[in-house]
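Take a look at the structures listed below.
First subunit A sits with subunit B, and in the next complex the same chain sits with subunit C.
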Partner chain A sequence: MASVTGKLPAFLRRREWLLAILVLLTYFLFNAQRPDNYTFPKLLNQTRVYMVDVGFMALGMLLVLILGDIDISVAATAALSATVMGVSYRGGEGLPFWAAVLLMLLTGLACGLFNGLLVIRFKELFPMIITLSTLTLYRGIAYIILKDQSAGSFPAWYAKDLGYGSLPLMGLEVPIMLLCLLAVLPFYYLWLHRTASGRRLFAAGTNLTASRYSGLHTDRIKLTAFAMNGLFAAIGGFFLTSRTGSVKYTIGTGFEMQAIAVAVLGGASTSGGRGSVAGLLLALVLLTALKNGLMLLYNDAFILNLSVGLLLILVVLIPNLFQALADRRRILRQRMQLAK
Partner chain B sequence: MQEGHQTAREDLILEISHVTKIFPGVRALDDVGFTLRRGEIHALIGENGAGKSTFIKVLTGVHQPDSGTILLNGQQVRMTDPLVARRLGIAAIYQHLAAYPHLSVAENIFMGNEQLRPPGFISWRNTRRRAARLLQSLGSSIDPAAQMGELSVAQQQIVEIAKALSQDASVLIMDEPTAALSLTESEELYSIVRGLKAKGTSVILISHRFEDIFSLADRVTVLRDARYIGTWDIDEADSALLVNHMVGRSIDRFFPQKTADIGEELLKVSGLGRTGFFQDVSFSLHAGEILGLTGLVGAGRTEVVEAITGVTRPDYGTITLMGQQVRFTRPGEALGRGLALMPEDRQKQGLLLPWSIRDNVSLPMLDSCRKHRLLSQAHINRMGSHAIEQLAIKARSGLDTADSLSGGNQQKVVLGKLLSSSARVMVMDEPTKGVDVGSKAAIYQIMCDLAAQGFGILMVSSEMPEVMAMCDRAVIMRQGRVSTILDRADFTPEGILRASMPLERKEETPA
Partner chain C sequence: MKRILSLMLAAALLLSLGLAVSAEEPIKIGVVYKQTGNPFFEAAVRGFEEASQELGFEFIHNGPADSSNEGQIQIIEGFIQQEVDAIAISANDAAGVVSVLQTAMDKGIKVISWDSKVLAEGRNLNIDPSVAQNIGRVQVEEIAAQIGGEGQIAVLSAAATHDNQNTWIKYMKEELEKPEYDKIELVTVVYGDDLTDKSYQEMQGLINSYPDLKGVISPTTVGVAAAAVAIKDAGLSGKIKLTGLGLPSEMADFLADRTCEGMYLWNPIDLGYVAAYASVAMVKGEITGAAGESFEAGHLGVREISDAGDGGTFTIVGDPFRFTPENIEEWKNVY
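And then the complex of A and B:
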């Protein structure tokens, strides 16, 4: 058993610790480079840009990834939901704002539910392909509704206070939308890791057939996960729109990849059965710290994407590499023992 | 004598001695020996699970033996992977053909052995020409350009033989070649195989059909419980002798005494059918009863229990569970109504291998492990420890993962999972498949205890001794139908085997 550990210290094999170390490393590196602009309070302020909307989408994505499935339509779902909200509020002349938001959440739920229905109905199709088609479908509907127009003129508390407001907490200005994300996390954690339905989600992702034979309602589990993912996408769209102040059909393009990156960085496996809330949060923090620092140094969005790619390779591949090396050593040793 | 021995030695193309293959928890081959003469057809028989498949896999390089030697033409060979075996001239034709249905016959024949011309392109002309020549040499008129998937099973077999010949196979292994063939087709296959023999090819023939064996084979070897039992010239053997050697083992020491009283009817199945799988299946199961469901692999047994427990849906017929007519759409529904299924493949269907014992055992009953809406680890722990204690699972604690256990203990975990529910009818599909002898006995004891507690147990089994010793009655299936239902008093190995063997096929109109 000791040989499996290889040269990598045992605690590094837990993704959460690896991420935590990288977070500290990133912070102190950039802080040394830009001691005035790269500080904790400023980083905290930037979370509204890099952390909250993607964070909510990643919470949904994690559920689908735990099942071993994937959903690349979340950004389109967010865009369609935000479009529905913007159009039904109509700058104050349409529905009351709370009704427009409710409609938005329902739209997200419906999009997710539709994805889920297709996935359980057409088991021979990969969820990747199914959600690739609904991606274009949802964004297409958003385009039909809005064309090249944008919808906005939202209430001030939404576009100003939620989007850019902060609350003073322990001497720090904490963005309100970050507080919203942090408030959701404990409930999400309890649901995923401590309830029967969360456990069943992991079971279905570990071995769908055995779960079905164990009496689990696997179709319903999948449907729920996809529907919740749609709902979280709409919530992500809600916070994204509060930041941008208006909705266009192109809003949030590419966010699905960011959401997947966060969840996978946080320890989810695309083959299912694994994932943790703590890892997801740490991955979010790491990406925020990294992107913010790179933006300060280079001010180039291209460098951001490149660095996310490198980080994924670093965190996901290297532990696997160590494991593979350790396994190989163990097999060689067994062979030698057999030869004797 | 020495002289004679020497010639016999040179006469052998294949000599296998003391081959042992161990899988985690099971000895799949135990000190097996086997010889194959040049130009001989040698039948290999044994019950399901006797080790035939493993034996073939060792011969074709799919598995490497843990000990023992294989001599090919007097030279020791080590087949580290299937390519090596193929290069040495050992080819196998499997029961479930591994063909490419969308490709042409010629492409199938030369798959992995493409006819190339410089600088490395495939020469389709050569491919077709050589394919045609090979098929002709087998006396077949199959068009090399035809699509594989459009051929009959018999024709596909012939293509597979042609493929083996294209690779200059000197040893041909045929796994149940006639299982899906009509009488005429079988006769054709016989004459092709005899032709191969005349040209000096050696054939290992695996078959459940005595007709195949007696009309083709020169010698016959019996395997049982992963061991070599004996080899006979075909003139010395008759079906009674072979059946005796296939099933004959001391049964009494191994099986517990069943004492349960038979009670009320729990499950009744009548006229059940699923198109393409089985038809007109009727039987009933009572409290305290162990009912066997047996027959050859492929007779439709697993399909029947899957249709009863909601894995699949039957097309017609009725299922009555404890007096109420039911039809389940998923196993969870059946479990909720007291009908539990222990599936055949514990690794894929029974367990979450990376999960711990306690998490596996508690999975179906998670709702009962809740405290203030959250899962109670203490409760889950208790369920795990209870199962370990009740079923004598060999593990350090309930935290051990399922994949760290032996086959028998894994099976007990599956059982523990089902017992955590409130089932009264237990359907067990091959409960002792791939399980070591000690765990087998333990599982039998558990079954008897369950029966004594009033459970009704439906056991799908391919192992005759198990059926004979454990069951109160046995439903014997063949070719998708119930061929007979026997009471314990009427159990004889010959009777069960005869009822399982496919009927002498009637002449069909050739296609």
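And then the complex of A and C:
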């Protein structure tokens, strides 16, 4: 394995190629099993279920992962933001809808900022522990606001047209919410990979201490990343709620794991410094193709979660294992040469 | 070239064969329930199985692992993708699946809710297990008799978004208004979300918060079983009386040791059976789901459809049946 990968040109060894191949494999495999129902147009329609809300959350998560941190409170942030929106709109009797949405985004931003402040203030604590506590805090506040009730009765353009509408493009029906995600991606990409402030994220993630001594305001970078993560979580919650048409404090439970899985599958490393927008998009497509196919084949909710685990093992663990083996062999060989 | 041509011909032939077959495809029903691994819904699925053997339709069934609304939407989208002819659902959130079910109805799919209804704008017909008022009334009568007509009681429900629960609790409260229940005080309604651990904790909370609590009504199979365990664990069997809607198979031990002295349920197999017959009648165009129509539900006879009072229509399956320590033996292996 090592010798094979060693001979491949650098760009072919990138994670994106592995993901792209897996996407094609998955597609053709399930398409052969279910030629009537697992087709490209139908899969495109399913992107609203598997891709968009998790996608936005993953975009935020990527920023935090690049820094070598983690935020497991994103789904709770989304739930709290959606709760604030539902309660302030109050089925048309409260604030106007645009104001409720604005309040929702601000809530997400505030949750993210609070996470960021805690992370830079308590450097001795793992962000995992910090955001574990804010996870229960944010969902707890959502529970205090809504109790066991649900809030809903949103405008039709939101709960129906945005949640379930699609636009005809090149003979295909493309979900509007997918177009929203795709519209954001180029800007996100350009900012992250092509601007100084985006590159600083990678620098800080690769070596925080070195970055600080080189004059980067690492605390401010961290704060920005966490705040943006909160904002993206709220946007994810916005799209999730457009599909459910109703908010409960439990909304989006477990989505933080999906967001992390997408970012990590896409090439982000939890130790920081690495992450790719193209990889993230491919990981989203792969998970959509895989989960939808499994759903059609097995009609079993449990198998979907299992599939994510298997994929992580296949794409992240195994290559890492091979890398570690190759490294060890290289060291052994060098030692032998030295011994001679 | 020749090979490509013959391949294309073969493909065309296969395609036309496929089309010919699809013209006579059996009716396909997608069944969605609140959660997987819940014996109540497993019994309901047996009702669908019975009906499918009699009527010859196909059905697929699925429920989310976490009894979430999002999980049900995911499943419904999958059923739409598989071009089912009807969707029969017990909804986790009466409002939360309306939009997705409307897109299903736009595609010509019939939507029947059963057990826990979907709001009227998101369904063609609702199948209620029993007259909701009766379900509320019998449980109040039962707990009143058990606690001797006096003292504090509480309700341990499933989720506040479950329409069936809310309706029954509403009728319980109405029943409690009657003068003969003046000395009974309903102190609170708590929600265990049909999760065993949360229901257990909620029951523990009730025990701690209300030391004078005399009785608990839990109108959900998951809740009543968890409550029985919590009461027994606290050593309060017989001191805090318990009734509700329970599955005989799950509650047999607690009826035997008198943690619960009487509870109710209807036959979940019949519930699935009637929902299946209704779905098929609707797909065949024999009924549209309008009030005044009726359909044949196999060995359970004719069902009349009437106005549900929420803008939609409904029909019922049967009456709630009382399970006691005396008769539980003969039922515990049935469902």
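Simple rule for what comes next: the second predicted complex is superposed on the first by the 328 of 340 C-alpha atoms of A that agree within 3 Å, B and C clash if a C-alpha of one lies under 4 Å from a C-alpha of the other, contacts with A are read in each partner's own complex, and residues count from 1 in each chain.
Keep in mind that, in the parts below, contacts are C-beta pairs under 8 Å (C-beta built on N, C-alpha and C of every residue); 3 or more make two chains touch, one makes a residue touch a chain.
Since this is a predicted model, take the numbers as computed values, not measurements.
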| item | value |
| --- | --- |
| Clash-or-fit label for the pair subunit B, subunit C on subunit A | fit |
| Which of subunit B and subunit C A:Ser246 touches, first, second, both or neither | second |
| Partner chain(s) touched by A:Leu216 [first = subunit B, second = subunit C, both, neither] | first |
| Dominant toucher of subunit A (residue count), subunit B or subunit C | C |
| First, second, both or neither for A:Phe187, with subunit B first and subunit C second | neither |
| First, second, both or neither for A:Gly273, with subunit B first and subunit C second | first |
| Partner chain(s) touched by A:Thr206 [first = subunit B, second = subunit C, both, neither] | first |
| Minimum distance between Cα atoms of subunit B and subunit C in the superposition (Å) | 37 |
| Doubly contacted subunit A residues - partners subunit C and subunit B | none |
| In the complex with subunit A, residue positions of subunit B that touch it | 311, 330-332, 335-336, 341, 343, 348-355, 359, 363-364, 366-367, 369-370, 373-375, 417, 421 |
| Subunit A to subunit B touching residues, read off their complex | 190, 194-196, 199-200, 203, 206-207, 209-219, 273 |
| Contact footprint of subunit A on subunit C as seen in their complex | 18, 36, 60-66, 68-71, 73-75, 77-78, 81-83, 93, 95-96, 98-100, 102-103, 159-161, 191, 193 |
| Touch list for subunit A against partner subunit C, complex | 36-37, 42, 45-46, 48-50, 147-150, 152-153, 159-160, 163-164, 240, 243-246, 248, 250-254, 292, 295-296, 299-302, 305 |
